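Data first, discussion second: the structure below is written as C-alpha cells.
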Amino acid sequence: MPIIDVDNLVKEFHRPKRFDGPLGGLRTLVTRQMITSRAVDGVSFSIDEGELVGYLGSNGAGKSTTIKMLSGILVPTSGHVAVNGLVPWQERERNALQIGVVFGQRTQLWWDLPLADSLKIIGKLYRVEPDRYRRNLDQFIDLLGLEPFLGTPVRQLSLGQRMRGDLAAAMLYEPRILYLDEPTVGLDVVAKERTRQFIEQINRETGTTILLTTHDLADVERLCNRIIFIDKGNVLYDGPVDRLKRRYAPYRMLDVALAGDGDSAGAIRLDLPGVEIVEQGDARLRIQFDPEVIAVTDLITAVIAEHDVSDIAIVEPDLEGVVRQIVESGNTALTMGGDRS
Amino acid sequence: MHRLDAILTLAGASLRSEFQYRANVVTSIVGGLIYQLTGFLVVFIIVDRFTELGGWTLPEITFLYGMRLTSHGIFYATISQMFEFDRVLINGEYDRFLVRPMSPLVQVLTRKLRVNCFGDLLGGLILLLAASRGVDVDWSLAAIGMLLAAVVGGALVEGAVQIALGSLSFRYLNTLQIRVVANEIFNVYGNYPFRIFPGLLQYLLTFALPVAFVAYLPASVILDETNGLHVSTTLAVAAPVIGVALFMLALLFWRRMSRHYQSAGN
Amino acid sequence: MTIRANLPAWVEIAKANIRWQYMYRFNVLAGIVLTGVTIYLLTIVWKAAFGSQSEVDGIALEQMLVYLTIANLQLYFLRPEIAGDIQARIREGQIGFDLSRPASYPSQLFASAAGDMIGLLPMVVVAIPVAFVLGELRLPATPADGLAYVASLLLAWVVAVELNMLIGLVSFWTLEMTGFQMVYTLVGNFATGALIPLWFMPDAIRAVVQVLPFQAIAYVPVSIYVGEPATGAIGSALALQLFWAAALVLVIRFVWSRAFRHTVIQGG
C-alpha cells in the first residue's frame, strides 16, 4: 500500500480582480469579480514507503501547490490525497506529526535564539519524549556536525549551517515522510554535498519517504531513482531517471583531447554513421553519437586510429538538458510516460 | 495539557528572543510608559483645569484611563502580533504554522513579543493605583473581582476586534490600516466618560465598535456612575462576559475566514 | 555654487518621494481618518470642558476649536518620515549609496522630506472637508493673519523636518530606538501644542514647553491663525520660529559631522 496516494488532484486559485486608477484599491476591495487560475490540473501519483522521489518542473508548474496540499497548507479544489491514510487538510494536526517539511528559502528556526533552543522548542511542539529527544538530537548533532554552532543565534549562522539546523529540526521527531522544497538553493558546493549526503543517509538508514523538489538537477541525479515531472499542472513523466534520459536524450558525447599542437584540429573529419562532431577547437573535440547505432568501442577505435589522442571521456547526458528539451518541445503526448507497475 | 505547554514554550521563545536585545527592552518599556503617561497628561491637564468632565472627577477619569490602559497592556502583550498578520501571510510564515501540530493562530500570536506592552501595563497599573484611593469606592472583594474581570474582559474585547478584522486578510491581504484605525479609536475614545459624546456616537461606540465594553461600562459600575447610562446597568455589569463572548465569536470568524487562505505563491 | 550643482539631484530625490506617497495611498488615507478621529474627539472633549462657558481665560470656545482643528490638520501634513527612512537605510546597509552621492546627506534628506510633503498636498482635497465636518473651520480674522500664517507654516515645516532628522541621525549610533521614537512621537506631539495649546498648560509644563523647539511646529503658526499670536505679536512669533529653524541647522551640522565619523555600515 503506497504511503502517499494522490488521485486526480486539482487546485484552482480565485483572486479578486484588481482595478487600477483612482479608487482602484477600493474597487478591488469590494469587487465580486474573480480571476480563476488552475495551478494543479489533475495530478495523480503514488509513492511507496521508503522511496526518494524528485518532484520536478519549472517555476509555476504546480510543484509547490502540490506539496502544500500534501502537507495540509492548502485545500484542493477536487481530487483526493491520502498521506499514510490521513487526508492532510482534514486532519492537519495529526498529519503534521508524521511529516517533516523543509522550505529551502525560509528557515523554521527562531532567528534570535541559539540553534539548540530552536531544536528544543521543536521537540516540545512535536511531543517528543525526553529520552527519545536526547537520542535523536545526539544522532543529528553527529550526522550533521552541528556541535560547533549549537550555541550560536540562528541569525548568525551561514546559509549552509542554517540548512543543517533546519534538516535536524524537520527530522527530530522522526516523521515518516519528509518534504524538501529546494533544500540546496543558495548553498555552496560543500554545503550542497553535505546536505545531499544527509538526505541520502536518512532515506537509507531510517527508511523515511522523501519527496524532493529542486531546481538543481544534480540533486536529483545524485539522490533520486524516480522522478515525477510536471508542467502546467500536469504530470509529464513519472518513472526512473535513466529511462527518462534514454527516451529523451538518446545521444552520448565523447570528449577527445588531442595531443600535439592544435593545428591538426582543422582537418578532423569522421565519416561514421550516427556520429557528429558538435564542437571543435583548441585541440579538443566533442563528438555526439548514438549508442544504438554505433558502439562506443568502435567509435573510440576509429578516433584513435586517425589521431593522436591524449585523453578521452564519455559524457552522459545531463538531466538539465533533458528537462529543457521536454519543456521546450511541450510534448504532452509524453504524458504518463512512466508505466510504473 | 500538551496544548498549554506548547503555548508556554512558544511564548517563552518570543520573550527570550526579545531579551537578546537588552538595551531595546529597557528603552521600549520606558518609552512605552512615557508614551502612555504623556497621553494621560492631556486628559489630566484638561480635567485639572476644568475640575470635571461629563460629571466625572479627576480621580474617576484617572481610574477609567488606568483600567483601559491596563486592558490595553494585556491585549498588547498577547494579541499585538495581529498587527503583523498581513506580513505573516505575505512572507509565507503562515505556511510554516500550518505544518505544525498546533493552532496557527496561537503561533501567529506568539511569534514575537512587543516589549513596550510592559510599559502600557505599568502605566495602567500606576494610574489605577493612584486613582483607587481618590475614588469613592468601597474596595470589597466583589469590587476587586469586578475590576479584575473587567480588565481581562476589556483585553478580550480589543483582542476580538483585532482578530476579527485581521481575519479579513485571508481574503484581502492588506487590511492593516483598518486595524490601525480601529485600534486608535479604542485608544482615544475609550478613555472618556461617554456622557460627553453625542448620543449617536455613544451607541456606535457600544454596538458598532464595542469600545464602551473595554473600560467605560465596567468603570461606571465600579464607580457607581450608572445613572443616566446610555445602556442598561445589566449590560454594563455583563461587560466581562461580553468580552468572552466577542472573543469566541472572533475565533469562529477567524476559522471561517481561514478557509480562504490561498498561500502566497513564491 | 553647490546649490546650483545639487539642485537636479534634490529635485530627483523629491520626485521619487512624491511617487512613494502614491504607492502608499492606503496609509495616506488611513492617516486622514486617524486625523479626523483625533480632531473629532478633541472637539467633543473641549466642548464638554468649556461646558456652558463661552470663553475661558480670554479664549472663546470657537477659537479653541478652530485652533485644535487647524493644528491637527496641519500636523498631518507636517509629519516627516525621514527618521524611519534613515534607520531603514542603515539597517539594510544602503546608507553607503546615500553617503557616496555628491550632495550632502542632510540636504538629500531635506529634499526627500520636501517630496513627501508635496506628494501629500493633493490630500488637502480630502483632509479639509473631513476637518470641516468633524471639527471647526473658519478663515483667519484678517488677510494679514492669513499671510502671516502661511509664512509661519513654512517655517513650521522646516523645524519639523529638522527635528525629525535629528532623531533619525541617532540611528547612526544605535538602531535600537523603538522606545526612543515612541517617546519622540508623543512627547513631540504634546509639546507642539496640537493637543493642548500652551495657554491652557499648567505653568510648570508651559515653562518647559516654551524653551523647546516643538512649539514652532503647531502652537506658533496656529495661534497666529486664530489671532492670538504666541509672543503677543506676529513679528516676534515668526522671529521665534526663525530662531529655531536656524539654531537647528547648526545642531544638525554638528551632529551630522559626528555621525559621519561614526558611520559603521551594517551588513554588506
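So that you can tell them apart, the chains are marked A, B and C in the order they are listed, and the count of residues begins at 1 in each.
Assume a residue touches a chain if its C-beta (ideal position, glycine included) is under 8 Å from a C-beta of that chain, and two chains touch if they have at least 3 such contacts.
Since the model is a prediction, treat every value here as computed from it, not as a measurement.
Shared contact partners of chain A and chain B: not a single chain qualifies.
The most distant chain from chain A, with centres taken as the mean of CA atoms, is C. Averaging Cα coordinates per chain and for the whole protein, the chain whose average falls nearest the overall one is B.
Note on chain placement: the centre of chain A and the centre of chain B lie 47 Å apart, centres being C-alpha means.
Each chain gets one centre point, the mean of its Cα atoms, and the points for chain A and chain C are 55 Å apart.
Averaging Cα coordinates per chain places chain B and chain C 29 Å apart. Within chain B, contacts with two or more other chains are made by residues 21. Contact with two or more other chains is made by no residue of chain A. Among all residues of chain C, those that touch two or more other chains are 26. Of all residues in chain B, those touching chain A in their complex are 2, 5-6, 9-10, 13, 16-18, 20-21, 91-93, 95-96, 98-102, 171-172, 259, 261-263, 265-266. Contact residues of chain C toward chain B in the complex are 26-27, 29-30, 33-34, 37-38, 41, 44-51, 174, 176-183, 185-187, 190, 195-196, 200-202, 205.
Per the touch definition, chain B reaches chain C in the complex via residues 21, 23-24, 26-32, 34-35, 38-39, 41-42, 45-50, 53-54, 116, 119, 174, 177-178, 180-181, 184-185, 188-189, 192, 196-198, 201. Chain A makes touch with chain B in their complex at residues 13-16, 29, 59, 64-65, 68, 71-75, 92-94, 96-97, 99, 101, 103, 106, 108, 110-113, 117, 121, 124-127, 153.
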